[in-house]
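One chain, subunit A, appears in both complexes that follow, with subunit B as partner in the first and subunit C in the second.
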Partner chain A sequence: MSTVTNDDFKSYLTPFNIVTGLIIIAGLIVTVIRFTGGLGAVTNLDDNYPWGIWISFDLLCGVALAAGGYTTAAACYVFGFKKYHSAVRPAVLTAFLGYALVVMALHYDVGRPWRLPYPIFVQQGTTSLLFEVGLCVFLYLTVLFLEFLPTLFEWKGWRKLRDALVKMTLVLVIFGVVLSTLHQSSLGALYTIAPSKLHPLWYSAYLPVFFFVSSIAAGLSMVIFEGSLSHKYLHRMMDSEYNRNHDDVVLGFAKGCSWVLFGYFALKMIGLTYDNNWSYLASGFGAWFLVEMLCFVALPAFLYAVGARDKNFALIKWTAILTVLGIVVNRFNVSLVAFNYHLPSEDKYFPAMMEIIISVFIVTVGVVVFRFVSTRMPVFFEHPEYKGQH
Partner chain B sequence: MKRRSFLGLMGAAGAGLAVPATARAAAKDFRGYHDTPGVLFDGTRCIGCRKCELACNQVNNLPEPEVPFDNLEILNTRRRTDSTTFTVVNKFDTPGGPVYRKNQCNHCLEPACASSCFVSAFQKQPDSAVDYDETVCVGCRYCMIACPFEIPTYEYHKAFTPRVMKCTLCGPQMRSGELRLPGCVQVCPMEAMIYGPRNELLTLARRRFAAFPGRYVESIYGEHEMGGTSWLYISGTPFSQVGLREDLGTKSAPELTAGALAAVPVVVGVWPVLLGGIYAINKRKEKIAAQEQQQAVSAALAKAKAEAKENLDASLAKAEESANRRVDNEVKKAVKEALAKKEEELKAAEASATDEEEGK
Partner chain C sequence: MEFNSMHEFFMHTKTMTYLLMGGILVGAILWWQFLMGEKKPIDNPHRTGEGHDNGHGH
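Then we have the complex of A and B:
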């Protein structure tokens, strides 16, 4: 008896499980400290920096990088790129988990998380862009859940429920695009209220447009990036249909992403010109702005184009990582680096260790759940009973 | 129906229609609540005694600070408001000697905190105070991001009941009759602050500019900044030298976010139509493609059928012909054979006849 248990125990001791296990234990410890000692016990937040990396990374980056859901679903169902069909389920699952984790992270960040439903159900502050974000994220999380449910129902074999939901696909996809457009853009628009705090190179009345357009690039790049990760670690779950279309998806998304990034670059230049901020380029912040624009926007736009032309999959994969990094850099610039640019450097915020632990913990939870779902439910493969019925 | 009650009803209906209309018109062209109370702070009078800080602490029942209020050494370090301090006086070294300025919530005419709050926890009251309702506050701290004067603070150390903390203009105390003036205004030994209707304060400030030429920078801070504030400042040194930002602009917070909010109905209205249209176009393209394919297939089928029929006919004809030919040949052969047989018989008959004749 004891030998069996020992063997079982040993088989769980893979490097992946050990690392995730440690992170989750650390995360749970910090969670207890956070909810018993308050925000001050675990964060470096102060009155000048009410928003730290839980907003910059978990909310702003999390939402942008979960944009793969609406971009892939829209490409497949609305724009008629049927060959992307096999990419929809992994993208929707990632988006659903991404948004669920954003909401989870917000429970850590707000002072009284049990009141998070208040803006929707108790008292609505409709003049606030955060209200728009909250309402859209709440509705979109519901939409993503409904889009994901057929996967679960196929796994469970609940055919009737599954068929009823699949019929609603188009409506859900269009609703999802509307909601995504609104909250992706309003995350940028949050900062339009504070022109005196955000450096002019990043502040613009066009912030909502910048955030929306860059979220498309983020979403497409994340689908490419996750696809390559999944190929490496979850290959056994993929059917021939998924594998046959995967190259098409990568090439198509690389082309699309190149196009979007060029457009985003142009928009940023229009913003710069509109506010006549060129003179700021000759400063420290200006140099950093140029790094962001040239290395993380113009360069990937060019590399994607080359990769798509030459069918160079390795190049496309690395460009996707560069683009994702670029989005992270942009969101951090807007919310932290260029925010409170007028304050002396000793008043600047730097995240506490425990803040970082919570952010890593939340990403880890996402990876573990993704692995759990995709190794059991028909995500990378079509369920044999429902082949071609989408 | 009596005439009077009918008229009354008509009047009520008219008022019901008219009120929202005027309210909307007012919102479109808002000029600020100029007759509501405000405070004028005169920087040339402040001596940095911190009596206002003490009074504020007492009337709001705030915890006693580590550094007592009679310690003026602390003026040498730059301070901001925090969760237990609603007002601070800072000392600024200027070419003309030290200058003091009090800092607290400016009670904006169109507050950024109120505009940014997603549960409407902040309300601008008729007595000018920007009130905060802790019973709905979620603690998102967007108000702290939004405030251009860096005033709201947060109780980060509280696990269960953290609140946003800021000056209330002593609104609760004055409404209950406990105070007649805000605590800080009442206590100031130099009368550096005057509480009164905002438009009168603006007039008073200009009167001082005229009465003491050269003493003031002749501009009133807060008259237009971020849409105007209830708290107004006049100073002998440029405002930027006493920690008041002069680059805030005159646009109020609601104006800054109006564009982004206006995009919501556009997206909600246009996107489904546009995306539905794109879907329909693609669907139609697919349908036409399918039809064309169908047509091509059936045309090819028909052609193949016709060709097959032709072939069949041709081969049938050929087969018939060859069959006929074979029958002909057979017949010919049979006839030939029959004829040959007949001839042989004939020959044999002839031969036997000659034999018989020879035998006679």
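Then we have the complex of A and C:
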């Protein structure tokens, strides 16, 4: 019989565990307050701002940054770039956790979690964009779970189940790409119903296209960013195959992301021209729009190109962080900063501390689960019994 | 710029959009050339024994 000694206990007291432990305890306390006291007890939401940072950050940013799953899987299985295969499992795991946490975060905003199946199975609002978003997230989360399951089955040694699912990989990937295209864009389409509330520089009939194209850049950048973090902190879990292909993944995704950001910048300029909104650039919101477009779109596109040309991996990794920040800034601008732009500053929304705690708590849960899974299951390495069987 | 009808407005904005799209097409070619103009091989200790890598895949 084993006993827990003082040394065992001390080995758990790492800085990572202490910080994440404190965040999780704080998050659980706020969770109790939210579900017993309601939204008013923990948020600054009001009639002008029924959606706060739980939607802006946890949902809009969470979905965009989880796009690495479908972009990497599509690059590997649909477009045939097999050299990116080693990046698929970490990307799918990140996407699966990202989407699962989006659903979890939505519970805080919507409340009454036991009614989660209602929009899909009981009372479908088929004319609502939110129904499309909900249906796509539900289906895509299921697809991501099925894409992730072979990793779990390899870990548990359930060969038959694993082999059956691996045969379905291409179908699942295609289904996942279709679903992602639909709901990434429909998140943007949600804001087309508020033309009088959203500032003209951010409002456009092309919002669905902007959201979809920028999600590709977000996904590619997240794979680079998450890969570099994993290289630093989980290097011991990586096999030679992963290490050999890592540089190809970073360079290939940097080139792809530069190209996508160029296209995104061009599309935004077309949107600006089509609505003849140039005059708004000479205002405070215009200056902020220019900061977003030049510092978080044009600059990363250029830096990615320079990094890919010069094979400057450090530059590419910093650019990935800049791009991820840019997507966060864009989603915040659309859903909060430029939303209700006509309201006086005293009526503007600023998140309450407990809202921020929940957002940090949800991200922390994601990091902890990612670490738990990737240090046990064959995510960064090929299982010895299944080498080359993908 | 002042517009007296919807027709004038769309004539202006569509004309500008088409001109911009032409510029983007030229810009895209130049961007592609800049992006693909690689300079040096990858320096990765895990790839020793694979021969010279020009960065264009294997």
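The rule is simple: the second predicted complex is superposed on the first by the 385 of 390 C-alpha atoms of A that agree within 3 Å, B and C clash if a C-alpha of one lies under 4 Å from a C-alpha of the other, contacts with A are read in each partner's own complex, and residues count from 1 in each chain.
Assume a residue touches a chain if its C-beta (ideal position, glycine included) is under 8 Å from a C-beta of that chain, and two chains touch if they have at least 3 such contacts.
Not measured: the values here are computed from a predicted model.
Student: Once the two complexes are aligned on chain A, which partner has more residues of subunit A within touching range, subunit B or subunit C?
Tutor: Partner with more touched residues of subunit A: B.
Student: First (subunit B), second (subunit C), both or neither: which does A:115 touch?
Tutor: So A:115 only meets subunit B here.
Student: Give one of first, second, both or neither to describe whether A:174 is in contact with subunit B, with subunit C, with both, or with none.
Tutor: Touch status of A:174: first partner only.
Student: First (subunit B), second (subunit C), both or neither: which does A:309 touch?
Tutor: second
Student: Name the contact category of A:123: first (subunit B only), second (subunit C only), both, or neither.
Tutor: After superposition on chain A, A:123 lies in contact with subunit B alone.
Student: Between subunit B (first) and subunit C (second), which, if any, makes contact with A:190: first, second, both or neither?
Tutor: The answer is first: A:190 touches subunit B but not subunit C.
Student: Should A:132 be classified as contacting the first partner (subunit B), the second (subunit C), both, or neither?
Tutor: Touch partner of A:132: subunit B, not subunit C.
Student: Across the two complexes, find the residues of subunit A that touch subunit B and also touch subunit C.
Tutor: none
Student: In their complex, what parts of subunit C are in touch with subunit A?
Tutor: Those in contact with subunit A are residues 1, 9, 12-14, 16-17, 20-21, 24, 27-28, 31-32, 34-44, 46-47, 55, 57-58.
Student: How about subunit A: which of its residues touch subunit B in the complex?
Tutor: 35-41, 43, 45-48, 50-51, 74, 77-80, 109-113, 115-116, 118-119, 122-125, 127-132, 134, 170, 174-175, 177-178, 181-182, 185-186, 189-197, 205, 207-208, 342
Student: Mind pulling up the subunit A residues that touch subunit C in the complex?
Tutor: Interface residues on subunit A, with respect to subunit C: 83, 240, 243-244, 246-248, 251, 255, 258-259, 262-263, 266, 269-270, 273-276, 305, 308-311.
Student: Considering the complex alone, what residue numbers of subunit B touch subunit A?
Tutor: Contacts found on subunit B: 80-83, 112, 114-121, 136-142, 144-146, 148, 150, 152-163, 245, 247-249, 253-254, 256-257, 259-261, 263-264, 267-268, 271-272, 275-276, 278-279, 282-283, 285-286.
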